[in-house]
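Two complexes are shown next, each including chain A; its partner changes from chain B in the first to chain C in the second.
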Partner chain A sequence: MSNVAGKAYGMNVLTPLRWWTALWQKLIFWVVVKTFPYFLKGLLTLSLIHYARWTIINRWSFPRLDKSQPKEKLSYSYMLFESNFNGSWDQYIDSFSFAIPSGLDMFWRWNIKYPKSIPLHDFYNYIRFNQIESGHYYNAYPLAAANDVKTAQKLFTNLGTFQQNIANLNDEEFLQAYQQFLADNQHSLGSMGESPLMSASHELVQEHQHANIMMARAAGKQEA
Partner chain B sequence: MNRPLDLYDIQGNICKGYGRFGFPKARYFFLEFHDYAGGRNFLQQLIPLITTAEPWTGRKQPDQSDKPAATTNIAFTYHGLCALGLPRRSLDGFPQEFKMGMKPRAAILGDNGPSSPQHWDPVWQGDTVHAWVSINGQTQETVEQRFADIEALMQSVQGSVSIRPGHKGPDGKMLPYQDASAVFENGKATPKEHFGFVDGIGNPYFEGCGNDPERLPGRGKLNRDGKWEPLATGEFILGHIDEAKEYPLAPEPHLLARNGTFMVYRKLHENVKTFNDYVDNMAKDFDGSRELLMAKFSGRWPDNGAPLVLAPDDKAKAELDQKMAELQKKAAEGDACAIGQLKALEEQWINFTYNDDKHGAKCPIGAHIRRTNTRGSLETEKGAFDRPGALVDRRRLMRRGLPYGGHDELTNDDSEQGIIFMCISASIERQFEFVQQQWVNYSNDFHLGNDRDVLIGANNGKLTDKHIVQVNPKEGKAPFFCTHMPRMVETRGGDYFFIPSITALDMIAQGIIDPT
Partner chain C sequence: MANTFGNSYGLTTLCPLINGVHDEQSSYDKITRRRIQRLEEDAGSPFARIPNTYFARLFILNDVFFQQGNDVARDHLKSKYLVFTSNFHGELEPYLTGMWNNAEADIRSLWQYAVAFDKVQNADDFVAYIKKCQLTTTLFFNGSNDVALKEQLKALYVKQAFSEFALAHQGQDATALRTAFNNFMAEIKLDDLNQPSWTPGQTRLQNMY
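And now, the complex of A and B:
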């Protein structure tokens, strides 16, 4: 089990809602997204976030694996919050709570026992209590944060355009164009590297995983 | 709102940078307690020597000053508090990073390669240090006198307390203490460190700290209207409300924590030759002076600490210097108008933001001071957050260090010189460790990938160990790339400490901490 893969952390939080406020909340979400207010600007500016998604699941619409699975009778509807972000749990929750506390409150306000995002530790406890750990979490680009991917894409496109435009330039012109290209892309040139360690606990897990691999290899050799 | 704090209960180093108050000399040493009773007895005798944060009235008129000839402060590691017999429940309430101490946090702090704990000074090897004692003095003699006084106290408790030796000093000699001192030029203390930068300018201003309110602009927290407000006390002192409107995580009972705080101690060796060679080498291709290049590393001009946002290039710096010189001359002649203008200009050394420098064309986004105190600059879209400084207000550090070792003429990499870096905050993890890990040794928040700080990053001389000196894209010039950055600064030791209030110290000494 781990919520961590490379530079990414996966978070799932399932919080109960009264079924009638769930309906009401759907409307609010819709209005918020349509009018694109300040809250979404805050979310987008928090560049550690890959994405964040809030889904309301009505108490009668929980998915079943198969028709033979009996329907559950639930007292509450639920809000599923999913997010992938770069950095540790604390860093993420901290940034959320510092930067957009009123926005968070708007999304969770009607959830049962939601304490508000400030004071911070009540909010910590609420999220921890309702968080569902990931059984499996896969990351195709463990060395890349969302920002790295975005800047690499920008650089890739711009480099393509640059390449098309330089064919007929003389040396002088090329130098000029190249310098301008570097200046225009100076915010897309960070080095790529490993994730900073998310926590001392995660360091232990990494050590254990490494030891497991070594043991498995040694066992494999013995068998052979 | 300015709630008074009980400055007589708070240790002096929390609220005062002693260097600024005319104490350029310091000695730090570390204790080990061998039995509860003797250790507590020693503390009891030490308490009258402890310097509190009480205001010194005569600071502006030195001859009438009520400040002492030497100061003394004390702080404990987790193992130290165990050795003094604190109850389990109180010990359990301390934050995890403090309980672990600095060595096991090496991977978080970037203490790898030459900075790894196995290379640290002997004092940090093996068993853990129990307590840190600091003496600051107006002269070396006053420091040594106070040290002798404390040694005498230790003798009186017959082997219950000892000094842990093993600080690498000049010529590789092992000393029982770590001396530190401002760098002196022509017999006068300067605010310089050994790479040649003026240091010790930026430090936070918090509610109730007892400092002159004139120091607030540029040091507090930034409001939407561009004004500055004191940071909440609880960002720096336990038992008071913090920026998240709650009490910082602290041990029980309240009296143990209240008016105390945490301190990080790090001996940071400066590879002066490596630094100078690197600057010389890079300066050859750089469009500007050597000083400008150094400023592009730190964010401030080395000679007088003027921020790059105030003087972004050589021409602007020359003009600023000239203006300063003229105003200083007129001010010295008593010109009231010049005195006012000079003061206003000097305020710009600290009261600035990066709002007009989004691209980093003036102060590179990866420059040391822009990394370690981002001011409003992480709010890249105006109005996106509740406050412009939302992402920095809870990451502020109160720096309390001094340089050690070295004369400017003698320094190479092997000689002993650097900075005794100490910083005070209510949460080591949220403040110091975050800044060190995420902003010094990583750059996702700055959209600069894995680039690191030039001065103190855990760089290894590789091509990708780089710092980008950004430009204004409209000027047609290329940004300047400082690649292959070597390890300029190496960690030589350190630990995490708890600085108790005078009340708590007294209770520890009496053995009456009771969370029941």
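And now, the complex of A and C:
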């Protein structure tokens, strides 16, 4: 399993909801999308999130690709939540619960046995119980946090503009402009790098992964 | 309802695995799980070769969870599913075509025991296959950027390099600073997204100063 890739944690949570409330839930999400950014404002304040998504799987819509595949007969529809965020599992759940408790309740309110986001302990247990570990998790920029990605883009654009603007300045004027540029872009500066290990279990996972990869290399191919 | 958010795409797929056992030894889902777990990580991951992949993941959905209690029905899946999800820049078809063209061997290995995958012979088949497994994302939230990955990686490289430059050149006089700045800008080549830059999945920094 591998829920961690550099500074990012990948979470998967699958929860049941009654088929008719799933339709209501879809309507709520549709309203959220249409009224954005009001409802998602809380999510935006959680700047640790790269991407998150909610996918409602109707009980009749699990993919069936061939007649040989048995048809699913389910009582419930299901909601798959996935997130890519910076930090540890605990930090994320805490942040979610404290920053947007009403938003969480809106997203999960009709899920079976959802305990509400406060008190935190029950919410912790609910997420933990319904979480699925990833087998492989890939992050294109493991050294960077979500805020690094956003600020890097700003700095990249601003530096290009700055380079054009200083072309006709003398050295003293350049120095002043440079210092002003640093002040204006101070929130976009900062060294990135490897994140510390988030937990002892993560260290253990890394050891297992290393062993798995060594076995695969020794086998010369990825065959069972 | 919302597979896209700006130029970023949230792909969610559930690919059913064949029920049964291979050579009377391991079930197909176990073989697939083992193959997933043996993939190289970070820059060695097959996804590092697939253009414009921000994040991707693979896992096996064995079953759904029983929520405990006499008032709750007990559901069970009749198939296990290979779950593949990806966040990427751009349109779905070119992305999946790029995936096939850059990681065909890994795809064939990972999806070998997926139902009806034996009919997949080329990139077009693969695109069609994944579309059959695709679920529409109900709500997709992008808290990051939606620019092309090359641009993001270049911006991250520039952020790191310029932060180091600013730190290393504090207190210099105007003439020396300007010379150093001009040299720095020539070295980082803002207009060239290919190099110098970060590579997908890169886990080590090469400090400039």
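Here, the second predicted complex is superposed on the first by the 195 of 224 C-alpha atoms of A that agree within 3 Å, B and C clash if a C-alpha of one lies under 4 Å from a C-alpha of the other, contacts with A are read in each partner's own complex, and residues count from 1 in each chain.
We take it that a residue touches a chain if its C-beta (ideal position, glycine included) is under 8 Å from a C-beta of that chain, and two chains touch if they have at least 3 such contacts.
What you see is a predicted model; the values in this text were computed from it and never measured.
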Clash-or-fit label for the pair chain B, chain C on chain A:
fit
According to the stated criteria, A:I56 is in contact with first (chain B), second (chain C), both, or neither; which is it?
second
Using the touch definition from the top, say if A:T35 reaches chain B (first), chain C (second), both or neither.
neither
Quick check for you: in the superposed arrangement, does A:P119 touch first (chain B), second (chain C), both or neither?
first
Looking at A:G6, would you say it contacts chain B, chain C, both, or neither? Reply first, second, both or neither.
second
Of the two partner chains, chain B (first) and chain C (second), which one does A:L159 touch, if any: first, second, both, or neither?
second
Counting residues of chain A touched by each of chain B and chain C, the higher count belongs to C
Mind working out whether A:N168 is in touch with chain B, chain C, both or neither, as first, second, both or neither?
neither
Which partner does A:L80 reach: the first (chain B), the second (chain C), both, or neither?
second
Taking the superposition on A as described, I'd like to know which of chain B and chain C A:S191 touches: first, second, both or neither.
both
Superposed on chain A, how close does chain B come to chain C by Cα atoms? Whole Å, please.
6
Intersection of chain A interface sets (partners chain B, chain C):
44, 47, 148, 151, 178, 182, 189-194
Which residues of chain A touch chain B in their complex?
7, 38, 41-42, 44-45, 47-48, 86-87, 90-91, 94-95, 97-102, 118-121, 145, 147-148, 151, 176, 178-180, 182-184, 186-187, 189-194, 196-197, 199-200, 203
Footprint of chain A on chain B - complex, ascending:
96-97, 100, 104-105, 107-108, 243-246, 249, 359, 379-381, 383-386, 390-391, 393-394, 429-430, 434, 437-438, 441-445, 447-451, 464-466, 468, 470-473, 475-479
Interfacial residue positions of chain C with respect to chain A in the complex
1-2, 8, 10, 12-16, 19, 22, 25-26, 30-31, 33-42, 45, 47-48, 53-61, 64-65, 67-69, 72-75, 77-79, 81, 83, 85, 87, 106, 109, 115-116, 132-145, 147, 149, 151-156, 158-160, 162-164, 166-167, 173-175, 177-178, 181, 185, 190, 198, 200-205
Which chain A residues qualify as touching chain C in the complex?
1-2, 5-6, 8, 10, 12, 14-16, 25-26, 29-30, 32-33, 40, 43-44, 46-47, 49-57, 61-66, 68-76, 78-80, 82, 84, 107, 112-113, 129-130, 132-144, 146, 148-153, 155-156, 159-160, 163, 171-172, 174-175, 178, 182, 188-194, 209, 212-213, 215-216, 222, 224
